[in-house]
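Look at the two complexes coming up: chain A is in both, with chain B in one and chain C in the other.
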Partner chain A sequence: MLRLLLRSTVTLVLSALGGSLVIFLLLRALGGDIATSILGVSADPASVAALGAELGLDRPWAVQYLDWLAGFAQGDLGRSYGLRYDIAEVIGNRIGVTLSLAFFAMVIAAALALFFGSYSAINAHRRRGGLVSAATQLGLAVPTFWVGLMMISVFSIQLGWLPSGEYVPWTESLWGAVRSLLMPVLALSIPLTAIFTRYVRSAMLDVLEEDFMRTARAKGRTLHGAIGVHGIRNASISLVTVGVMQLGVLIAGTVVIERVFSLPGLGDLVVSAIGSREVLVVQSTVFVILLIILCLNFLMDISYGLLDPRIRDAEREASHV
Partner chain B sequence: MSDSATRSGNRRRLPVALRVGAALLSVFVGMALVSLVWTPSSSEGIDVAARLAPPGSEGHILGTDRLGRDVLTQIMSGARNSLMVSVVATLAALIPGLALGLLVVAGSSRWQFVMSRVVDLGVALPGILVALVLATAIGPGNVAAMAAIAVWFVPILARLMIGPARQILAYDYVEAAYAYGRSRWFVLMRHVLPNIRSLIIVQVTIMFSLAINVEAALSYLGVGAQRPTPSWGRMLYEGQPFIQDAPHLMIYPGLAITLTVLAYNLVGDGMRTWFDPQQKAKAVAR
Partner chain C sequence: MTLSIRDLAIQIGTDRVVHVDALDVPAGGRLGLVGESGSGKTLTAMSIAGLLAPEIRVNGSVQLDGRELVGRADRSMARIRGAEIGVVFQDPLRALNPMMRIGRQIAEAVRLGNRPISGAEIRSRVVELVDQVGLSGVEGVTRRYPHQLSGGQRQRTLIAVAIASRPKLLIADEPTTALDVTVQEGILDLLLELSTTRRMALLFVSHDLGVVRRVSERVAVMYGGRLVETGTARSVLERSHHRYTEALIAASPWLTGPTERAELIGRPLDAIPGSVPEFGQFPEGCGFRDRCTHAIDRCAERPPATTTSDDHTFTCWNPAHMREADLHDIRT
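Up next, the complex of A and B:
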């Protein structure tokens, strides 16, 4: 277990360093001179140089990179080049929105998938099982941001049930927050539900053929009882695996959905920063989003070890090689 | 398997998903091809008098946008852009992705462990995030979108082939090839690659559909195709302010994206069933 913890931590740190380096280098190497892009090509060279010096852009890349990382470790991400706001503070204010969206979308998708996946596996040879499969095809194909737009059109504009484009923080009103997050969360959960349902269905089809299911039936459990007790638990393991693989897709989805519903999250921050060429804001925010994904991966690695003794054993075995 | 069925003269029927998907796809490919030589009106044909015309108006079957541009024309030209971006990005990722996968399985077990972790890190990076960084660096546009999608696909493709490639390397005939004096690279090129061919073909189809989805999202965010390049995602972005008065500006581009992605997915699933009929009952996506 200690070995697993150690290895996961090393992976996390190395991945974070590698990711930060790639982000930094891409922005510096491909981006051209930042001071020029802020002031415009026609600005006179003296003021460009002065701005470069003021922002610390005249230092070697290695110094800038290490300075950025050192600041990051202390929670100081610097000030944006254009509007001069404190980047760490803005990210702190916005991260909750993105995390809420991702968390609730994941939970709702997992719950729906366990139901629909089991239902489809039990009815695999009937028409209604096929109907679920057809619905997952559609769920995989439809773009989340378009679902969001359609929801706004129907539920906000036509029916007037839910607000759109006005975010209410959790601290202000619980009910208000639920109302403002309901549509974006549902839109986000659609592709996830479709992907998860396919995995649950496949896992459940395997589980249904297991000996312990026959034993459970022989001991007098109904089919649904056996599925409720043994099936769901076994299918959940594969759900955790896919869940981790889909984290990136989920976070990417929140970036787009925040723009659709004008939610003040991290994705919204990055996209508006691109428009105003705020390089440092993009750099830090994208890195924070990457860190979120890596940390969740790390937690999943650890929880696997805790949940599944086979993985601990494999780890021990590997250490003897 | 398919060979013996063909030889006995008892041809297997193509899976339904494959036939439906191919039919749907050919509609959009046809649309894109036709748009090269003919569109209902010129794509930048601004006609302010006819702005926000509803579907079914005279001369505008699917209506017009805020500047009176024909929606059907833009959908047709948009098909061209979506298909072009998805094909270019996927094909650009194909060789580097396969090479990376082979490079991973070619090494010692320690090398494989370390490289697998590197590939995993790449897989964890969402395509949209890569695109946002690239759009900041080189400016928004189709080039940034295609490069980002290609970069995103490389580790995905490598990840996909590592497992199956390892399985094949464990076979006796691989052992025999080594005994015969074949090099590691000969084995990889002659035995491994041809044996995972069908897997790659299916994955390429799935990547086409992922690329179309991401391209649409990027154009919607304003970091993909810029005017005058036609794009479904940007149509949705431009139509959003008129969501109340002109819902048709939202409906048709979204349907086009959904149906094209659906078509590719159906073709992919159909081919998977075709290549591996046993998997039919429990095909799992991606």
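Up next, the complex of A and C:
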């Protein structure tokens, strides 16, 4: 376990460093001259140079990069070049929205997938099982933003049940937060549920063939009881694996859904910062998003070991050699 | 009778793959079910406990202490098998959940098989079971996972699971086949001891006649999904009538006594010619006739069950170890 922990940590740190470098270089290479883009092309060279010096853009890239990283490590992300707001503060205010969206979408999708995937595997040779498979096709095909728009038009505009575009933070009102996040979370979880369901289904089909399921029934479990106790646990390993692979999809979906529901999250921040040419904001926010993904990856690596005792032992064996 | 089977028919798709006319195991009795791989032994054994896949159809009658088991809903069957039938499977590694500690897997069987039961009772019963199957010497065994045990220890765990409810009937399907020869003996001794001391009826399934002879009072020989010969272990193995049983014995190195073994030195075992066909491809009449060296024309008809005076039944038109007069009786 220690070895697994160590290895995952090293992976985490190295990927974070590599990612930060790529983000920095891409933005510098593609962004053109930052001072010019802030002041406009018609600005006189002297004031462009003065602004560049003020923002520290006249220093070599390597120095700028290290300076940025050092600030990051201390929680100081600097001020935005244009509007001069404290970037760390803005990210801090918005990160809760994105994390809530991603977290609840993931949890709901996993729970639904365990149910539907198992159901479809148990009924694999019946029409009901096929129905679930057809539904997952549909879930994969519909775009998230369209689902979001449909939800708004039905539940907010026509029925007036749920708000759209007015975010209530958790700290203000729990119920308000739930109401404002319900639709976006559901919209986000639809494609995830579809993907997860397919994996759970195939994992469950394998598990159903396992001898230990028969042992569980021999102990006195019904088929459904055996699935509930032994099947779900063993099939959920594969869910962890796909969960990791779908993190990118999830974050991309979050960006879209934050725009659709006008939620003040990180995705919304990146998109508006790109629009207003706030290079440093884009740079830091994208890096924060990357860090979130990497940390989740890290957690899932670890939980993989926690879930499967064989992996734990293989790790221990390996650390003895 | 603890177990009483009549006209048991198992159907997969359109093929009727097993048809057992009659098979009984008395309380505390030990029956060995033997036959080559692919004879239908596992299907038969699992159908008793209701452990076949839902799409496999089972008809006929299986009675446990006079209660009909065939056709029961899963819930009611689960309760009966949990409390009254124990099953030991062939591959103990695969039969245990790789992600669950041994102690929990045994405790699960204790809880399901002895309802209602308190947590404290479950724990003390687990300790007792671990001791009974000879695992108490293994350090921290209940905290281990299946992959942290040896094959023999895993099979002992599975036996603890099987006897957790103090069942009336213990079904052991090839319990030693996946194990090293050196640990087979220990497992057989344990099963024998448990069956005798707890008066558990034992249905012991194996392709290995030597192993079957060690544990069984009665033996039933299966081929092509049918019982071809049934009787006491002694009479079936020493005076076999069915030609399939005879061929099986000739192919088994352990069965012949010292004098006969002397004759066998330098002579290869008589392997049974050909191999067990796929289901649906056994010949009409006697299913063994295409591999039988004693087949006669009459074998194209299904042979009737003949019972001799010592409660020994077989279905063969041209049996071994029979007097001419009796042969005449069979064929007319």
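Here is the rule we go by: the second predicted complex is superposed on the first by the 309 of 321 C-alpha atoms of A that agree within 3 Å, B and C clash if a C-alpha of one lies under 4 Å from a C-alpha of the other, contacts with A are read in each partner's own complex, and residues count from 1 in each chain.
Keep in mind that, in the parts below, a contact is a pair of C-beta atoms (placed from the backbone, for glycine too) under 8 Å apart; a residue touches a chain by one contact, two chains touch by 3 or more.
As the structure is a computational prediction, the values presented were derived from the model and not from experiment.
In this overlay on chain A, chain B fits alongside chain C without clashing. When the shared chain is aligned, no partner comes close enough to touch A:Leu5: not chain B, not chain C.
When the two complexes are overlaid on their common chain A, residue A:Val270 makes contact with chain B while staying clear of chain C.
Of the two partner chains, neither chain B nor chain C is touched by A:Leu131.
Contact with chain B, but none with chain C, is seen for A:Val255 once the two complexes are overlaid on the shared chain.
In the superposition on chain A, A:Leu299 makes contact with neither chain B nor chain C. Legend: residue contacts after superposition of the two complexes on their common chain; A:Arg233 is shown touching chain C, with no touch to chain B. Of the two partner chains placed around the shared chain by superposition, chain B is the only one that A:Val282 touches, whereas chain C remains out of contact.
Legend: residue contacts after superposition of the two complexes on their common chain; A:Gly220 is shown touching chain C, with no touch to chain B.
When the two complexes are overlaid, the chain among chain B and chain C that reaches more residues of chain A is B.
Closest approach of chain B to chain C, taken over C-alpha atoms in the A-based superposition, is 16 Å. Chain A makes touch with chain B in their complex at residues 11, 15, 18-19, 23, 26-27, 29-31, 124, 136-138, 140-143, 145-146, 149-150, 152-153, 157, 195, 198-199, 201-202, 205-206, 245, 247-249, 251-252, 255-256, 259-260, 270-271, 273-275, 277, 279, 282, 286, 289-290, 293-294, 297, 321.
Residues 109, 117-118, 121, 123-129, 132-138, 140, 209, 213, 216-217, 220-223, 236, 240, 243-244, 247, 250-251, 254, 257-259, 261-262, 265-266, 269, 281-286 of chain B are the ones touching chain A in the complex. Residues 125, 210-212, 214-225, 229-230, 233-234, 237, 307-310, 313 of chain A are the ones that touch chain C when the two sit in their complex.
Note for the complex: chain C touches chain A at residues 46, 49, 51, 54-55, 74-75, 78-79, 81-83, 85-87, 89, 91, 94-100, 108-109, 112-113, 145, 147-148, 158, 161-162, 164-165.
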